[in-house]
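Below are two complexes that have chain A in common, paired first with chain B and then with chain C.
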Partner chain A sequence: MDIAAVPARSAGFFFALAPRGRAVFFALAAIAACLLFAFPVFWLILTSLRPGTGVYYVHRGTEFTIDNFHEVLSQEIVLRALFNSFMISTLATVLSLGVTATSGYMLSRFKGPIPNAWFSLIYIFRCVPYVAWVLPLYFVTQQLNIFDSYWGLLLPHIAVHICFFSWIMKGFFDGIDPSMEYAAMIDGCSRWGAFWRVAMPAAVPGLTALAILCWLYTWNEFLFALILTAHETPILTVVMAQFVHELGMEWHLMSATAVIALVPALIVTLFGQRYVIRGLRI
Partner chain B sequence: MADIVLSNVHKVYGHVVAVTDINLAIKDREFVVLVGPSGCGKSTTLRMIAGLEEISAGTIAIGGRVVNHLQPKDRDIAMVFQNYALYRHMSVRDNLAFGLRNRRVPAHEIAAAVSRAARILSIEPLLDRRPHQLSGGQQQRVALGRCIVRNPKVFLFDEPLSNLDAQLRAQMRLELKELRLRVPTTSIFVTHDQTEAMTLGDRIVVMKDGVVQQVGTPLELYRKPANRFVASFIGSPSMNFITVRVSADGEHFALACQGWRFRLPARRFPHLGSHVGRSICVGVRPQHVRLGAALNDDQIALNGAVTVTEQLGDEQLLAVRLGDGEIRIAGVDPDLSLPTGSQIEAAIATDHLHFFDELEQI
Partner chain C sequence: MNEKTRFMLALITPAALVLILFQVVPILTGANASFRDWTLHDPKRTWVGFANYLHVLRDAEFRDIVLPNTFGFMIATVACSLLLGLAIALMLNKRFPGRWLVQSFVLLPLMVAPVIAAIMIRWMFNDQFGVVNAALEGLGVAPISWLTQRWTTFAVILLTDVWLWTPWFALILLAGLQSLPPEPFEAARIDAASAWRTFRYITLPMLRPVMVVCIVIRAIDAFRTFDIVWTISGGGPARATELFSLYAYVEAFQFLNLARGSAAAVIGAIIIIVFALLLYRVLNRFVEVSR
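Let's turn to the complex of A and B:
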């Protein structure tokens, strides 16, 4: 049997299509993918609008209500969790970007023992499974007396962001011609000045993309929030999970909280979509 | 205005030697071109002068002041990069003003300097545009403007025309020459294009493998290349080289290779005496080979079959089989019909012969 003929034959169906047929094929595939991802969100919204007794037959009931939203928004812990999640996400983003921008720049532009050591260090940390960080971090935050506080959650988030996003930032800076910085150094800037006044403004699309990814990542994060916080610093993802308790499962309230949590994430995504695409394209 | 002196300059990256023992004195207002193939160390040399690379050994002095340990910003230089290196988040006006603002020049002086530079380079209508809205040629003019606006002691050019198409490159070469007349500043220009080197440079420095091969005016390099590398690098089409064996023949030296033998009078070429019984390389430029029979004793004759013709419109280039090698002939009448395989007779004036041993011109 002719081995080379096999892939050609399997792809034959697609290439046999006319250009218009291929476009239709792609459109259908895209719609199917969108439906696949949109359906759970649709179901979530539907559940959030059903009374507590109706969540198990969402597809049959006709009774809808917004009482679930009233109920969760009247709970102080949900409001505090919303505020905390927003603050933690925003602060983690700002602080992480400060470090990842300089770290990514160093990895992109400098060679030598220090960048190599830094590169190796974040590589090693990247190799550690995410879940393995949690228990040591619990003990560290206890020892440092920052358990169940902003810093207790911020510092681990920043550490993870540095490991994961320094690479992406390095990629952004690799895409920026270093000659621009050399020109700035000849034009009167120091090395730091060239970074700050020329490389950073040129990296704005990338930085914006990273800021959005960073914010969404922290906003949606569950494991650190679950282990490293308690009653003092409630976080939205954990509060949501607490609607499942020993007395039962309040899916309608959980769904309403989840829909509320979706709104800021949706705004950030819609605002930042074009930046993310532009930034990751560099 | 300033002179530049490089003394025993070396550059080593780990175990790789990039530049070896460069000694070069560039006079005030002189335009010097560093030329050589990729990886010859010309850009590294320029970047060391700019302060963008550290010097492994030796000294660099600009205007009598050793600048080895000065930051680029303190050397009073300006540089044009191959890919223009314009600040893409700034307008053309801000690009031009950036260097002056860093030096805290008063705003009205900056405005005047920017206007003057824009006028010289005819980029006044572009001042409020962003770099990405400009063509390659316009971007290169802005990069030049960013240099002249500061009135530095030295201009450094790092292959500034390489990214332009052939037509625009020729135009920018002319503009650079005009700019030199208006802004006569000491300049170092790096290129791998020998045409740019020949047309722009007061003097040319030919480099290979981090070593300076020859320094001289364009005509010196063309007429008296120091070695076979310079001979092959300077001039277009490249010089023909034929390896021949030298033998004594009475009052003449006989030089022979397979399919070609000629004699040269010993009194006119005494330096060949020390190479009798050895092989040397004879070089002759394609422009110095003339179709037709040898007219006198000062010309040597050769015969061969045409293998390739290249029609350029104003001339033809021929490749002619000579023994087991090939010789190229330039400046042939474009209307002359010379089909492949046709036998031709050609002559070379002995004055135009160059002789090389393994290292240098004999």
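Let's turn to the complex of A and C:
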């Protein structure tokens, strides 16, 4: 849609510019957006390439090294954290989507007191701040004997996603015409069959988009990982943040780990962005 | 119970089990603590009713600093990231060479862990070693000690939050823009409507439902922001940039009064539940009127 090609009638700063000027203005805006959003990441990468003695004046030195990456990757805890974070993010994505697809479908297809009660419940509990939640959660996971294990982190993560994802999933299923499911049921399909064979395949673009967002969110999550894990299950965000604390500011090691953590996220985003944009068309 | 009800309940059972065990139970446990005397010299944890709530509501720190901070932060961050995100979505909705590259750059904040971004930005605004002050010095401006004054600290926190969340708005609004039907735009073109009028009277009204959901969800999350504020300023200088999550945390874990912290958290939750509901109603009515 090339609206800009139509001659503008109303005045305005942007439209008062000549076509050439407009293109320049547009290019400048694009470059400014790139700089604004890329600069802290660029700075992170630059810091990760500086030797430990040079990080205090990142903007002055000229020495560069990749020793930081060697040093970080030779630490066993970082490797274990990488593996754990990957497993937790992937499992949390699969399980959250499985649990919320049915819940969103229910909210979309049925009316009445049960869906209303369910919606109010997830809405109200979404508003409670994490601070009121995380500490008692620590005791609950201890009671259930799943503290510092995969399940102890996975299940609370699923609980986080239930509200938002159910809401979005409801939107996806609202956009799918239910008459196909009725037709399938008249032809002898059970309710579960209609859900699984007719509605779910139609929701795949939306599910893909949510899967990518969910994976990125869990990969980068910090507060739950900090409180619900200890030595048994190190998580990458916690390990990297621990390089910088009151006793030692190892900026170069933190940045190197953060850059390593950025790589999988980058791959997921670069390949996934078109599916996200296609899938989120609610 | 008929077959339909059984099906409805079966659909939500897994989600409901996880939700009750890992969200409802912990939160109710915390809420229970807020009605008790949690100070160390009372091992019986006597039931004190609403005393903790009254204490929080009477606390000048909470009323005069924390609440204005929280609402100011919420409104500022939602407004800034919405406007910026909308501008970027409109830009990315056009075809131009290098669009894919610009989109990838803009989405970078989604890939960085927020806590790392906050540490990095705190470092960039460090008064001695930070790159921001070095750049100011290069321009001949006196360096500013960003994180020792209330308003500059607040600005840095706001900047971090807007940086982190604008791509999220841009992504969802871009998806919304691309799903709009082309016919009204063609009609506008035939009528030679200007780009601004097309935007104002076609794009914006059609995009509003998506924007309403975005604003409400983001406002709830902004209201309970914790980690980036904790990382950048810790609520300081002198508790001047505390949001209400931090207030609850400081009361519970630094002043070791779990009951008072829980009471503050419950008060905050009630405020945001009511506020988000009103916001949703008002914005929705706004949408209907504009049609």
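The rule is short, and it goes like this: the second predicted complex is superposed on the first by the 255 of 282 C-alpha atoms of A that agree within 3 Å, B and C clash if a C-alpha of one lies under 4 Å from a C-alpha of the other, contacts with A are read in each partner's own complex, and residues count from 1 in each chain.
Basically, contacts are C-beta pairs under 8 Å (C-beta built on N, C-alpha and C of every residue); 3 or more make two chains touch, one makes a residue touch a chain.
Worth saying up front: this structure is predicted, and the values here are computed from it rather than measured.
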Combined model on chain A where chain B meets chain C, clash or fit: fit
Arrangement angle, chain B at one end, chain C at the other, chain A at the vertex (C-alpha, nearest 10°): 90
Contacts of A:Ala183 with chain B and chain C, given as first, second, both or neither: first
Partner chain in contact with A:Pro201 - chain B first, chain C second, else both or neither: first
Partner chain in contact with A:Val24 - chain B first, chain C second, else both or neither: neither
Touched partner set for A:Val41, first chain B, second chain C, both or neither: second
First, second, both or neither for A:Thr237, with chain B first and chain C second: second
Partner chain(s) touched by A:Met87 [first = chain B, second = chain C, both, neither]: neither
Broader residue contact with chain A after superposition on the shared chain, chain B or chain C: C
Which superposed partner A:Leu73 touches (first chain B, second chain C, both, neither): neither
Least C-alpha distance (whole Å) that remains between chain C and chain B when both complexes are overlaid: 11
Contact set on chain A toward chain C in their complex: 1-4, 6-10, 12, 15, 26, 29-30, 33-34, 36-38, 40-41, 43-44, 47, 56-59, 98-100, 102-103, 105-106, 110, 114-115, 118, 121-133, 135-137, 139-140, 155-156, 158-159, 162, 164, 166-167, 171, 191-192, 195, 209, 216, 219-223, 237, 240-241, 244, 251, 254-255, 258, 261-262, 265-266, 268-270, 273, 276-282
Contacting residues of chain B [partner chain A, same complex]: 50-52, 71-73, 75, 77-79, 81-83, 85-89, 98-99, 102-103, 146, 150
Of all residues in chain C, those that touch chain A in their complex: 3-5, 7-12, 14-16, 18-19, 21-27, 29-31, 87-88, 91, 94-96, 98, 101-117, 119-121, 123-124, 129, 131, 134, 163, 166-167, 171-172, 174-176, 178-179, 182, 185, 188-189, 192-198, 210, 213, 217, 220, 223-224, 226-227, 244-245, 248-249, 252, 258, 261-262, 265-266, 268-269, 272-273, 276
Sites on chain A touched by chain B in the complex: 177, 179-180, 182-190, 193, 198, 201-202, 204
